[in-house]
C-alpha cells in the first residue's frame, strides 16, 4: 500500500482502510514484534493549537514503534511567532524529521503542507475541516467491537452541526453497505445539509430526533459528543434542554445488549460517570484502539512513502481567491490557488470550500 | 518485592525501603548494566502544576533505563483545561503508558488516581500532603553519606510548619532506632503537633530551637529548607530574623567534621554560596542520589507490578464529605467517599485528613 | 580533538574547524553508521529564552545519534522562576545529563556555566554575544556549496549592527585567506567598528553599500538577514527603505550563476518567496547542514570530553565589576570577576566586554 500523506480518510479505498485496520489489530495482538520497527526514525508533531490528547496518542504510537519525536505545541514559543510562514516551517522541519504530524486551526493547512514537505504529512486536524485519524480510530473500534462495519444502525448525539468527527464518521460509514443513521440533536445544532447529501447520494436511510431516550433502543452504536453550552440558542434553552442529550442509566435501560457507546473524548458531563462501568461503554477502549490505529498508520507511511526528492512547483489553476474565511489560503497568501471545477462552482483543493465563479 | 503504586513512603516496610536503597546503589555502581532494562516501556509524567526539577529527575531516570516519556506540564495546554476529570485523564493515559508519575495540587490526588489506573502510579507530590520520592532521595543520601539510618542527631531548619519534605523525613526517620531531632525555626513556623506526636509515639527525643548557631555543633545531619519571606509574621520580623536561619561559614565553625548538609532544593539564599565548596555540603550530590533512587523505583514498579486488568469499582464507606478543603474529593465529586474510622473521627483515605462525625 | 566546551567558535583552530566540517560531511554521507553512537547518553537543552528552531535542530541531532534529551524552554515553568541561580541549575542538571546545550539572554552565561558544570557546555546563544553553532552551520554550508572557505566575495545584507550571526561569520571568515566583504545596510544599522577592526587586522578588504542591487553582481555568497521594522530610524524611513534590502528576482538578474544565498532563518519578507525555487537559494539546505554540524559537534564533545570530576573554585582576578549591563555577572553576583588585562582596559572573560580601569 502506497501512502505518502494522510490528509482525508476518503482518499483511501475501502481495501486500504481494511489493510490499516488489520495492521492495527496485528500490532495490537503482538506489539513486541513492532517495537523496533521505526528505530532511527523521527516524527515531528507540529501543533499550532494545543491538543494534549491527540499529541500523546501519536507520541505513544511512535515510541512503541521505537522512533523518536520532536515538535512544538505552543506557537508563542516557536519561530511561528516571529512571523514565519507555514511553507518555511514545513520546509525546514521536513529536513529534520522523517514524518510530520500536524494540527492547525486553518482549513486545508495539511494539504498546503504537502506542497513543500520532503516528508510525509499526517493531518491531525485542520480547523473544523478534517481529522482523519480520529475517524480511523472510530473504524478500528467499531470493527473490533461489532465485528463488522456494515449493516449497523448508528446513532450520533450532540452538536452535529459543528462536530467534525461526526461528519467524518458519517461520510466513512456511508461507504459500507446497509448502514443507517439516527441523528440526535437540537434543531439549531442539526447535521449540515451537505452531510445529509452524502447519505442521500449513498442511499443511506437516516432519521432526525431531538430526544436521546427515543433513539437508544434501536441502536447498534451510539456515538456521543459534547454540546458546548454557548452553542445553545440561549441560556434558558440550555437549562431546559441540557438533560435531553445526557446519556445516563435511565436512558440506557431499553438499549440493546450489544450496543457499543463511543465518544471522541474529552467528555464533560454528557455521559454520567456510572455508565463507565457498563460493559457497553467503549469510549475508553476507543483511545487504546486509537493508539494502535496510529501505530499502523505511522508504520505504513514510513515503510512505503515515496516522496520525490525535489517537489514540483505548482501554479494557480484559477485567478480567484477561495471564499472560505477559514481557508489556509487566506493567511498564507503565497499558496498557489488550486481549484477543481464543479459546474459553476470552484471547489478549493485545500479546504474543499466552494466558491461561485 | 511487590510494589504496585508508590503513594506514601510509609506504606513500605523498612525491609522494602532497604531493598530500594540497595538497588539504587547497585544501579549507581554499574548504571550501564541497567541501560536497556526498561526498553520498550513508556512513563507518563502528568504534572498538574509545574516542577521542572522533579520532572527532569524522573525523565532522566527513565531514559537511563532505556524507556521513553510522554506527558504534560502545563495544564492550560491540556484536555484538563476543557474540564476533563482526573478519572478520565488517568483512565486514558494509563491505556497509553506503562507507568504514571503524577503531581497535583490537591491532597490525595495520587490515591484517587490508583482507583482508575491500569498502570502503576508514583506520587510526585500531592499538594502539601506527600512527596515520597523526595524522602526516598533523602534516605538514599543519608545511608550513603552517613553509613547508617539510625542513631543520628538530625537538625531540621527553616519553615517546619509548611515543609512537606521535612514532615515526611521525620516520619521516616522515627522508624529507625535511636534517632533524635533538633527543630530550628521561628515560633510561627514550628513543626505541627501531629508530627511531634509521631516522634513521641516512636519514643524519639527532640528539641526546639529558634537559633541555628546554637544547634549546629551537636548535629550529624543538617537538613536546610527555605523560609519564604511571606511566611514571616511581618516585614520587620523578616528583616530582624532572616539571618538567624541562613547557614554561613561562621555558623559552620563549630560543626562536626562528619556533618552532612542536605537541602531539597531549589535554594534561594538560606545557604551562602561559599558553603558549596565545603566537603560537608551534600545538597548537590543529593540530587544525583535522587536520580538513582528514582531509577530503582521505576525499575521495581515496572518489573513487579501486578495491576488487575479490570479494576473493581469501590463504593463510599460513609455518607460524609471530607472536611479538608484541599482534599481531591472537593473537586472530583464522583470519587467514592472512603474513610477509616478512628474513634469519633473519620480519617480520609485520600488525604489522611480527619473529620469529626 | 579535545573539545570540552563550545562557547565561541574562535576558540578552535582552523584545523579543528576543518575536522568538525569533515565529520559533519562523513555523518551526512552515512548517517546510519552513527545512529547508535550516543546510545545511553542524555543531552539537556536549557533554553532560558525560547528558540524552537535551534532547539529542534539540536534535538534532532541528538536523536539521530541515538541519545535522549531532557530540558526546559519556558523559564516560568522551571525552578528558575523560584529564584534559583544559574550556578545551582547548572550544577544539578550536569549531574543528570552528559551534555548541556544552553541559551540565555545574558552575555557570557555559557562561560559562567562552564565554571560549575560536570558535563560539557555548548553555547546555543548568549544574548547578543555569541552563537557558535549557527556560524559552524554557515561554514559547513559554504564549504559544501562553494567547495572552499577562502577567496570568496561575501555580501552581508540587513541589520549588520545587531546581527550576532553576521558578526560571528565575518570574524570566522577573516581567518581564511583572501576573503572580501560587502556590507549592505542602512547607515543606522551599519557594522560596528569593532568588527571592522577585526577585518582590518586580518588585512581583509571590505566595502559598505546602502543598496542591495548594486552589490549583487560581484558576490560569491549573499548572507541575508532580517531588519526589524522597529530598528529603522522612523516609520517613514522604514516605508522609504524597506524594499532596498529585499532580495527579489529583479535584484538577482545580474548575479553570478554560482552565487549561493544563505539566511539564518526565520525569514519574514526580506527574500521573496519566488526566490525559493532558484537553484542559488541555499537557506533551506543550510538548516540541514546545521543538523549535521550539530551531530558532529555533539559526537565530538561526548567522545572526547575530559571534564575534571571536581572543579577548582576560581577567584576574582580584579576587584571591579564588568561595566556591560547585559553581562551575566550583573545578575549572578556570586560569579568570580575574571578579566584579561588589555592596556588600560579590562576585558571580561564572560562577555568579552571592555571596562576602563
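Order of writing sets the chain letters: A, B and C. Residues in each chain are counted from 1.
In this text, a contact is a pair of C-beta atoms (placed from the backbone, for glycine too) under 8 Å apart; a residue touches a chain by one contact, two chains touch by 3 or more.
Owing to the predicted nature of the structure, the values given are computational and were not obtained by experimental measurement.
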- Viewed as a graph of touching chains, is the assembly arranged as a line, ring, star, complete set, or other? complete
- Query: Any idea what the CA-fit rotation angle from subunit A to subunit C is, to the nearest 5 degrees?
  - Reply: 120
- Task: With over half of the numbers shared counting as same, classify the subunit A/subunit B interface as same or different.
- Result: different
- subunit A to subunit B, mean C-alpha position gap in Å, rounds to 42
- Query: On subunit C, where are the residues touching two or more other chains?
  - Reply: 74
- Item | subunit C - residues contacting subunit B, complex | 40, 42, 44, 68, 70-72, 74, 76-80, 82-85, 87-88, 91-93, 95-97, 313, 334
- Note on the structure: Given the complex, residues on subunit A that touch subunit B span 32, 35, 50-53, 56-57, 59-60, 63-64, 73-74, 265-268, 273, 276-277, 284-285, 287-288, 291
